[in-house]
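Shared between the two complexes below is subunit A, which pairs with subunit B and subunit C, respectively.
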Partner chain A sequence: MNRKLFRWIVLFLLMAISHALPAQQVVTFENPETKQRYENLLENLRCLVCQNQALSDSNAGLANDLRVEVERMLRQGESDQQVVDFLVDRYGDFVLYDPPLKTSTYLLWFAPLLLLILFSVSMITYFRHQKTIMTEPPLDCKQRARAADLLNDVDQ
Partner chain B sequence: MWRFTLPLMGFGLLVLILAIGLTQDPSEVPSPLIGKPAPEFELPRLHDPSQNLSLADLKGEITLLNVWASWCESCRVEHPFISEIAASGAVAVYGLNYKDERGEALKWLKALGDPYQAIAVDQDGRVAIDFGVYGAPESYLLDQNGVIVYKKIGPITARDWKEDVSPLIQQLRDKQL
Partner chain C sequence: MIPEFGNFALVMALGIALVQSIVPLVGAVQNNSRMMAVAVPAARLQFVCVAISFLCLTISFIQNDFSVLYVAKNSNSLLPLHYRISAVWGSHEGSLLLWALILSGWTIAVSIFKKSLPLTLSSRVLAILGIISVGFLLFLLLTSNPFLRLFPAAAEGNDLNPLLQDPGLIFHPPILYMGYVGLAVPFAFAIAALLQGRIDASWTRWSRPWALVAWIFLTLGIALGSWWAYYELGWGGWWFWDPVENASFMPWLVTTALLHSLAVTEQRNTFKAWTLLLSIFGFSLSLLGTFLVRSGVLVSVHAFATDPARGVFILIFLAFVIGSALFLYAWRASAIISLGRFSALSRETLLLINNVLLLVACATILVGTLYPLFMDAMQLGKISVGPPYFDKVFAPLMLLLVFVLGFGPMTHWRKDTFKNLINRLLKSALISALLGMAFVLLIFGPAPLLTTLAVVLGVWVIASSLATFKNHLGKDKPLDRLRLLPLAYFGMLVAHIGVGVFIIGVTLVSTYEQSETVRLAVGESYTLANRRFELADLTSVQGPNYNAEQATIKIFRGDHLVSTQFPEKRFYHSSSQPMTEAGIDAGLFRDFYISLGEPQQGNAWTMRLNYKPFVRWIWLGALLMAFGGLLAVLDRRYRKKQEGAN
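Take a look at the complex of A and B:
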């Protein structure tokens, strides 16, 4: 029984640490600034195979190949923009976590603003309507007398 | 009146958006390479590594470049249809052996048949990156000038062939006349 329990504990411990293992091999650059750029780039580029992972997190074969490419380009002294362009030329805007502003992405970028405007307009009209109901003029003498008559009728 | 129609309209809109969403496949990323010249490459041939296969060898006719590997299960599923395409003579079918081992690749072809005119070996997957490949199988239709006109991610099916590839080939042939 203890043996079984022990196995379970080992299994869970292994599961716990497996998450902490880095997907990528450790890459060293002579210049710490380049290393920082390398890491930033990988965090902001999407893995094409497992689309919810960044290039830095993915174990997919392609992600690994692309990391090697990014590393090679940085070593050759290419700029961040050149690296991003290289990937966008081949894989499209999809590799970017931060989509560029262009015709096909207008809806994506402006939908929140559009919804905010729509919501504000409907709220304003709603409250205006409420206000007109509340500010209806009170009854005058004649109307009040008539109302009293009607109520008396009901009572009898 | 508005009290009922407005929420109903909102609901209708939501249904419409979700319905459109259902027809989209998020795993299919459109390739930016369509309509552009295929990337240049020069790779050893699988059957005779001393000889090279390059983009120039593919130009002059309409070609289907099929990315495959012996480790790829879907390629095995796709293989009979690729063979069928090759046998029909509709296009020249070329292979790009993606990150594979030569021995395994040759064994695979021996077991299943070799439908390819020639196969380029992309051992480290570097050329595949230029093509924007992100897994095997993938297929590219190249026109006579080596321009990519179509890309299929995943196994090419009879339906893809009938609805997309075949009409495109017809168009290219008509244009040439």
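Take a look at the complex of A and C:
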């Protein structure tokens, strides 16, 4: 088979797999609070082999394993932070949908604030500036001729 | 033969588009009306050629011509006819052909409705649309030709992605593209205005309805996509902050800003240069979205690097269009003088705040979408930017926006005072605060602060809109005043109420949704959110190109049967992985959403049960916004212009 075609098909299959199956394992905790933590964690962790899916939504094999891992850690009474640290240790920040605040992400996290300040200031200065230069623009030749015509009409 | 004919028509279209873009522009410079007059017939001929080409591809799909590579990849002889037709835009090449078709469709619409435009302006607009057509036709022919043959022909097609075998796919892409591509028209108007160096009140009157129509389609397209994802992807999410979604949301935000800026330009003769810049941004973002989605750069920077032809082409085209537009803007915008003055507290200022907030929101999404690519390209490590980030940065901006929105329509143009404003709005502010809090408290009980605040702000938008309406009617002869109110005014009211409805929906569903994954055998039941879900039966169902396992689930409230749902797990013949068809008991105030998981021993299945309060309000809000837009387009002042010219 045509190699490119083959690649397309594989890609297409991968995409279809990663979208088609919401994760459906029955997991029960005695404590409803732990259950809530479990679900929150899964929603904010990324499936590493899928296109763009949270662990809670993915049915890939690796996602399954990681869910079991998270479940095990929570049962052992480890905190959310410990679970997250463990996964980041293993897979890097890529696994977090909520990017951590560090030097390389300062720009990301402060972007909205910086943009807000930047846009506001530039808007204010622009319109202030416009206000000061704004006077009635003088009539150009054509307009002046037309005004003269109109006046003539009135006179007649 | 038919594919070759389609290919030929595409080449013809390219030639005609070249004429359409060059001759009228030269004519406009030389003030040669015969050259400018070429624009209209060229635009129409180009449309005919692209339409023929599109038709040829459609025929190839209908006839199951698997000697065409694109058909072989995306269709199958068992595929039902309506999906064979929608499969035309089911993948890259065909969806670009649809892009080109819609673009030439918009061009022909401009050529029909342009009667009242001066010849120089209209021929410039058509020529600029022609240049964009040239870019996309070249892109199709050079990198993404849908008519490529496959030798020897495949015996059977590979089938359309099962996800896309859904009525949603028939409508979602064309409608979204109508919006995406429609932004080319205000863009072309802006460039034409910059070329001629001035805009007057009539320019806004021509440009505004086009921006509105594109915005309506964009709104509907995004809402439809969200609704489709909700019921088809099987886990009941309605927005994922996926880069592809962001690519359509960014132009929407900027176009929303543009509509408001256009309103100021039309009413107050100010914000002119700003309006032009927003028109340029809107279409630039829709091109950028096309680049992000089509180049593969989003999947990974490396996927882009291994097959760069498409990405590089769009990138060059993108740089050319945006670069020359911004260059033109920098060169000519200073010639465009805005006359209207306004003070620090005025409707102009509030609309300016609206614009700033919408643009910051858009720029934030852009940063969030591109940051992982930037980090990866700079080898700073791989990160993910997902829903938690977007929710955190987006929610405050939007809440601020809707807070300001409540004041906007009630504030006077040019100059207003805080005292008057408070007089006019104090009642609605108090009512919405009380009503919002009571609403949450009565239905859901004690709520988190942010939830209450968001609901109150949603109610505030609705209440202040109604208060503005009442204020407009006045105390004496309200009916006479009602008749005098322009349709566009009602459009604004409806759209703003839509924003309120949307905010309430989003807030309530994200705070109070419940879900549970359970294992049920036939006869067993599980209770979630005061409803008992009983698995009554399991059957096998045969579809045209799939087999399915179907569950019968009865939903009880107490002993009363509320609804019976039939969620399915489908196994398409052509692909090995199953698809989930959710069972949804939909209602204005809540959905119950059931999706099947996996079969278990003992005639049982795992399944996910979801309770989604007020989820419909999200799409209801979007529909109201679009309907408001429609009312505004139908306003008499845009039609009168046309009639007057005829």
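To be clear about the criterion, the second predicted complex is superposed on the first by the 111 of 156 C-alpha atoms of A that agree within 3 Å, B and C clash if a C-alpha of one lies under 4 Å from a C-alpha of the other, contacts with A are read in each partner's own complex, and residues count from 1 in each chain.
Here is the rule we use: a residue touches a chain if its C-beta (ideal position, glycine included) is under 8 Å from a C-beta of that chain, and two chains touch if they have at least 3 such contacts.
As the structure is a computational prediction, the values presented were derived from the model and not from experiment.
Enquirer: Pick one for A:Q51: touches subunit B only (first), subunit C only (second), both, or neither.
Expert: Both partners, subunit B and subunit C.
Enquirer: Regarding the shared-chain residue A:R90, is it in contact with subunit B (first), subunit C (second), both, or neither?
Expert: In the superposition, A:R90 contacts subunit B only.
Enquirer: One more residue to check, A:G61. First (subunit B), second (subunit C), both or neither?
Expert: first
Enquirer: Touch check for A:D98: first (subunit B), second (subunit C), both, or neither?
Expert: A:D98 contacts subunit C only, not subunit B.
Enquirer: On subunit A, which partner touches more residues: subunit B or subunit C?
Expert: Touching more of subunit A: C.
Enquirer: After the superposition on A, what does A:E69 contact: first (subunit B), second (subunit C), both or neither?
Expert: First partner only, subunit B.
Enquirer: Quick one: is A:N31 in contact with subunit B, with subunit C, with both, or with neither? Answer first, second, both or neither.
Expert: Once the two structures are laid over each other on A, A:N31 reaches no partner at all.
Enquirer: For A:A111, decide between first (touching subunit B), second (touching subunit C), both and neither.
Expert: Second partner only.
Enquirer: Could you list which residues of subunit A make contact with subunit B in one structure and with subunit C in the other?
Expert: Dual-contact residues (subunit A): 51, 92-94.
Enquirer: Using the touch definition up top, name the residues of subunit C that touch subunit A in the complex.
Expert: 69, 73, 150, 158, 161-163, 233-235, 237, 240, 242-243, 299, 337-339, 341, 352, 355-357, 359-360, 363-364, 367-368, 371, 375, 380-389, 393, 397, 517-519, 575-580, 595-598, 606-608
Enquirer: Would you pull the subunit A residues touching subunit B in the complex into a rising list?
Expert: Spelled out, the residues of subunit A in touch with subunit B are 48-49, 51, 61-62, 65-66, 69, 88-94.
Enquirer: Residues of subunit A touching subunit C in their complex?
Expert: Counting only subunit A, the residues touching subunit C are 2, 5, 8-9, 12-13, 15-17, 19-22, 24-27, 43-44, 46, 51-52, 54, 56-57, 92-99, 104-105, 107-108, 111-112, 115-116, 119-120, 123, 127, 130-131, 134, 137.
Enquirer: Given the complex with subunit A, which residues does subunit B contribute to the contact?
Expert: Touching subunit A: residues 26-27, 29-33, 99, 124-126, 129-135 of subunit B.
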